[in-house]
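Okay, got some structures for you below.
Okay, so chain A shows up in both of these, paired with chain B first and chain C after.
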Partner chain A sequence: MKGKKGMVLWISFLILISISWATPAYLAEKSPYKIGVNLELTGPWAEVTKTVKMAMVMEVEKINAMGGVDGHPLELVIEDNGFDLGRAAANMTKFSRNKEIVAVVGPFEDNLQATTRAIAEREGITDIIICPSNPMVRSLNQRWSFNIAQSDIIVSQKLVDLCLARGYKKILVFPGNWPLALSLAEYFKRFGEEKGMKVIISKETHKPTDIDMTPQLIKLKPIIESEKVDALYASTGGPPGPIICKNMRTLGIKIPIIGTHAFGFNFIIALGGEAMEGVEFAAGKPVVPYQLDKDDPVRPIVIDFDKRMRARYGVGADQIAGHAHDTIWLIYDALKRCQGKVTRANFRDALENTKGLKSCHGIYNYSPTDHDGLTKRDLVFIRIEGGKFMRIKFPGFE
Partner chain B sequence: MTPWAYIPQLFSAGITIGAIYALVGLGFVTIARASQIINFAQGEFVMLGAMITFFLLKGGGLPYPLAALVAVILVVIIGFLLHITVLYPLRKASIPILLMATLGASIFISNTTALVFGTLPRTLPAFLGNQPLQIGGIFIVPQSLFVLGATFLLLISLYLLSHRTLLGKAMEASSTDPLGADLLGISRNLMVFLAFGVSAGMGAIAGIFITPIFYTSYHAGTLIGLKGFVAAVLGGWGKNSGAILGGFVLGVVESLSIAFIPSGYKDAVAFVILLLILYFRPKGILGSPFIDSRRW
Partner chain C sequence: MVDTNQKEFRKRDLLYVVPLWLLSLILPDPHLDHLRKESRFRRRDLFYLGGLLLLPLMWPDTHLHHLMVLAGINAILALGLSLFLGYAGQISLGHAAFFGIGVYTTAILTTRYGFPTFVAFWASALVSAALAYLIGKPILKLKGYFLALATLGFGEIFLVIVRESHSLTGGVIGIFGIPWFSLAGFSFDTYLKQYYLTWGVLIGLLLFSKNLIRSKIGRAFLAVATSEDAASTVGIKVAQIKLGAFVIGAAFAGFAGSLFACVMSTANPETFGLNLSVLIIMMVILGGMGNLYGPIAGAIFLTWLVDILGKYQEYSLPIYGLILILLLISFPDGIGTRLNIRLIYLISYFGRKKRREKAEL
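Showing the complex of A and B:
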């Protein structure tokens, strides 16, 4: 009996071995296309980059299950940069010296991406940036860098539309004291004044680490009252957004609040609680997958992605996961369209020629003069009601 | 509009934030009074109190008061553990080494929290809603009154502990006169051990009371701890009343400064005030039992 048991084990072991040998042999018919991923997996962005990683891994597996890119599987080479400039630069250099890597995704933080973009230019490798970028870096129009997220320009245009639709004539902007927030404020003023609105940018600003905006808002309150401001635009991101809303309501300031696309995350509502009721902003489509128009070409993609995220990870899609999804499918699309052999230069040219690619956030079009991809039509208006994101529509403004 | 018009509202905002600095400062003082150690992990106790409450409330489904109580007990245990694992083995080392050890412990606690609870900022529900009370043109959230109340209750209980109980007196003696305490048979290690527990508990209570007004995240402890430390030094290092007064002075000055200068310089103001007070009165406002002013 003992011998028989041993035999069975032995045979099953042999079968296992042969299967595990056979699988890579079958897959390795064509070499994988490797994508470097340079993310802040540890440090303050850990939660956000975890979502990015989850979504990217899921989409790559889906593509590989579909047979990869013309038989070549995609492979992610993920490196943590620990929210550290030196390590982000080292990862980027490492990726660029590894001849197998076709393109790099990330990093997130402003100054980190400024550095890797510069390395990308020097080494001639595509760098795809997920997080909205510092306008000073974005305006460099670097040849090898592509932005996935909505730029400050289109978000400002869309918010001006929101104000026009709501009939707001006079807006007070309370900006955060960092480049992206300040640039959102500046563009909002420029586009708003073109449309005949009066936009006041407050001299009082706030920092990402401020836990209490009451003092600044106390100083703004008389301006709001004497100038009869229609709404306050909190040009900010992260925890300061809900803090501003909370502090405003505490001070008895009742005017409507307009936010940025950075308000479109569930943790923002959790932080602000009741104070977030009635806040309106423009954000990417993954915030409200099921409220998109029935004829929206993007709707089935977002809903399918949201369902797969829920099934696999138990969390729905959000804007960040959407960016990660779009990144992978943009890469897939560009690889498919590569002329001849896939090289870094061919890949870059193919990505730059992306036309009308439908993905979670909207329809991507890149060109030699536009590395931003999306337009203001890819944003939707959102209002926070009952602790949920509700899509709002205005005739003539979508 | 003249800056004077918003002084009352700024003053009340300053009182709230001052009460928070005072609460955190008290924790620093408790340990200093027992051991002369500056515990830089104090801010982490504040953060842990709020974080643990949040997860017991949302994840564990406990009722709010019970969640808060369990969190305070857990943080007290963490305070004891901090003493047993970090400071007790180093009891023969000099004060600067202990100081570095607490700094290391603070980084360890904050990163462990990030691993366990994640890096997203969290907040707690207010005890009695968010509807602001309007008193003569000044708006106040009910939670601010709770923070003020907690500050005074803690101050009174600390006063009773150190002036009315043998234990409290023993704790103080072990710091001000270590040799005398030894001769009287007071176990100094036990006193420091207890002080860590008391201080951790106070930090946790502070965290639970203030988080509904703001929010907390794994790295929130560092800044709040620093401000609490400044408050304690400002008022008189080593005095409970000093920490309270220092906290209020710091909060009010920080808040009022906004009326006259742009808000970007708010944090700098606190430190300029600290420097000025330390130049002219190194003992702090109320004087410090640890700093001998004759040297200046």
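Showing the complex of A and C:
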């Protein structure tokens, strides 16, 4: 009897200690740094943003397991904006009102970015944009906005290099009718014509929600045949890419296809199947983790990230997962370098002073005049062969 | 990064319920309806007006102000459509196009030609109304499904025109840098100011609509909605009445579009698709047709619902659909008509209990 009572006492004592001492001490000591995430988790870009979310959650958990930022854990506050301008803007004010949120990531699509960037300027909160935005948006005053992805300018330059290496002289561009796809097409034409290529931008366009491009391609087929076009450049992103390839092959158009960096998504091959064979494009390094040069400084980071993605979600790293990874590590790096108490202004200054940070996509350098970060050297040429992304190299263009 | 002001905020919240409660005391008591029927409407309006004016001051929260600005813009759209859909009984699936015309009129006039926003505000409504007149003249001869299809087609054609005419509308990239709404040097540059602007416009339009539906034209709307043939036998010019409702609805959408352009500072074709048209119809149906407060309640409710659901991420869309289905099953006449005064009445239940007992004695 006495022994039992003693045991009860001991157990309650232990519970008391664990409740009143250990747990609160661990929880209350350092408040978390919160990061708002404003993404199109429903709507036409849902498939792409799903990967972003998965990769971000995984990286944040890794950082917290490492002990967080000087003991402060990171925390994501994810909100869906449903590809709607009003909702994206309202999410942005919701985040800016919450004093614990240090920075906001997203939104993904161009159409929503101009407004959220303006709110970021007004409210004084860092807005990190994952998807590259069109030049009109980037030319706006952007003290508080940072771009993670390779800009349309460097992607277009790299694709022109690809065409020169392959010896293509005439290219037909089939752009999507959203801002980024159109600006990619226009930059490609500008840089291509500087190098003496002939670039035709088709009047036919497509929407991100189109599930069949046969009508447009039937109209393009006579142009391809009469002009003797060397290759077709599908300036697009997301699901339309594989649909274009499939429909082209069904119509019997055999010319090579060039894609954008938005072809470097895992689901692209699954959607397109055999039609994707031989498609070439330029994309970031996470698309081909094991084929990077042995002396590439980011190779170990990409391989480690790819392995963790495979272990947890069963899919490898790709272009967009790499952007999500880099976003989190850029934030981590900037928080570590913050002088004194972390405030929004401190964080912005620290992020702007990022110099030589090695992450999945390459080496990031920000400065007050350059909020783009990456350069042309951070892109590689890729060809789809046997249902896999294979890196290709051209002497003189790497 | 410590949330000290968040704790303060909660305490303050409780204090702010007091003026709302006091305000609710002036509401009419449904139990005492037989005693004073005359002043019933005026008192309810006064309550809503007081609530609206006090709301942003009670909760000084930018997110709330921002959402209420969006809700107000949606409410203007829903109010305009409710005249056409709820009163005149016609269906339009292209209402978002008039909203878009309003947005682009303001965007083009202010950024390209440097017009003041106040002029652009009126011009937006005029252009929307003029286009509605030109389009409504032929297509309003159609009835039922055919009218729905014709308006749907108009909405799509509008989108294609906006996307393809790069020199005028900027194509898919759109127009940036639309200035804040300003009037005689006073710029509406915070969400609080925009709140009063939007809801001020809404109250003006509501008063207009209230007078309209009690006028001869308003009665004619109801007659047309019930039976076009019967209406024409009593001498109502059915085609003109339908066109009138369509043009007024479009003018409201033009006002809403102009405010939206000034709040968002961008104009972009993705905003005015079929989604928005259906959302406005949903606001009218959910709020209650044939009732002017219903669409406003529906607009506020749906704007808030969509914002709250954001945190459920990928599940937001299924949950949204489920809630709408459940609401339509349980409130087939709309939340505005069934709940009506009840909810607000509940707030002041104990305050008026005594009064009622006194009156009954």
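Criterion: the second predicted complex is superposed on the first by the 362 of 398 C-alpha atoms of A that agree within 3 Å, B and C clash if a C-alpha of one lies under 4 Å from a C-alpha of the other, contacts with A are read in each partner's own complex, and residues count from 1 in each chain.
By our rule, a contact is a pair of C-beta atoms (placed from the backbone, for glycine too) under 8 Å apart; a residue touches a chain by one contact, two chains touch by 3 or more.
None of the values given here were measured: they were computed from a predicted structure.
J.: Determine, for the superposed arrangement built on chain A, whether chain B and chain C clash or fit.
T.: Chain B/chain C on chain A - fit side by side.
J.: Is A:E47 contacted by the first partner chain B, the second partner chain C, both or neither?
T.: first
J.: Of the two partner chains, chain B (first) and chain C (second), which one does A:G82 touch, if any: first, second, both, or neither?
T.: Touch partner of A:G82: chain C, not chain B.
J.: Just chain B (first), just chain C (second), both, or neither: which does A:V137 touch?
T.: Touch partner of A:V137: chain C, not chain B.
J.: For the superposed three-chain arrangement, provide the angle chain B-chain A-chain C between C-alpha centres, rounded in steps of 10 degrees.
T.: 60
J.: Under the stated touch criterion, which partner chain does A:Y33 make contact with: chain B (first), chain C (second), both, or neither?
T.: Only chain C is touched by A:Y33; chain B is not.
J.: Tell me the contact category for A:T93 with respect to chain B and chain C: first, second, both or neither.
T.: second
J.: Applying the touch criterion given at the start, work out whether A:I243 contacts chain B, chain C, both or neither, answering first, second, both or neither.
T.: first
J.: Just to be sure I read the superposition right, which of the two partners does A:N177 touch: chain B = first, chain C = second, or both, or neither?
T.: Both: A:N177 reaches chain B and chain C.
J.: Give, as a whole number of angstrom, the minimum Cα separation of chain B and chain C in the superposed three-chain arrangement.
T.: Value for chain B versus chain C, nearest C-alpha atoms: 5 Å.
J.: With the touch criterion stated at the top, can you tell me which chain A residues are shared between the chain B interface and the chain C interface?
T.: 42, 46, 177
J.: For chain A, which residues are in contact with chain B within the complex?
T.: 42-47, 177, 203-207, 209, 211-212, 214-216, 218-219, 221-223, 226, 238-239, 242-243, 246, 249-252, 267, 270-271, 273-275
J.: With touch defined as at the start, can you tell me which chain A residues reach chain C in the complex?
T.: 31, 33, 41-42, 46, 50, 53, 77-87, 89-91, 93-94, 96-97, 99-100, 102, 110-111, 114-115, 118, 123, 134, 136-137, 140, 177-179, 182-183, 341-343
J.: List the residues on chain B that touch chain A in their complex, please.
T.: The contact residues of chain B facing chain A are 1, 5-6, 9-10, 13-14, 16-17, 114, 118-123, 125, 130, 132, 134, 139, 141, 213-215, 217, 219-220, 223-224, 254-255, 258-259, 262-264, 266.
J.: Under the stated contact criterion, what part of chain C meets chain A in this complex?
T.: 1-3, 5-6, 61-63, 66-67, 70, 163, 171-174, 176-177, 191, 264-266, 268, 270-271, 275, 303, 306-307, 309-314, 316-317
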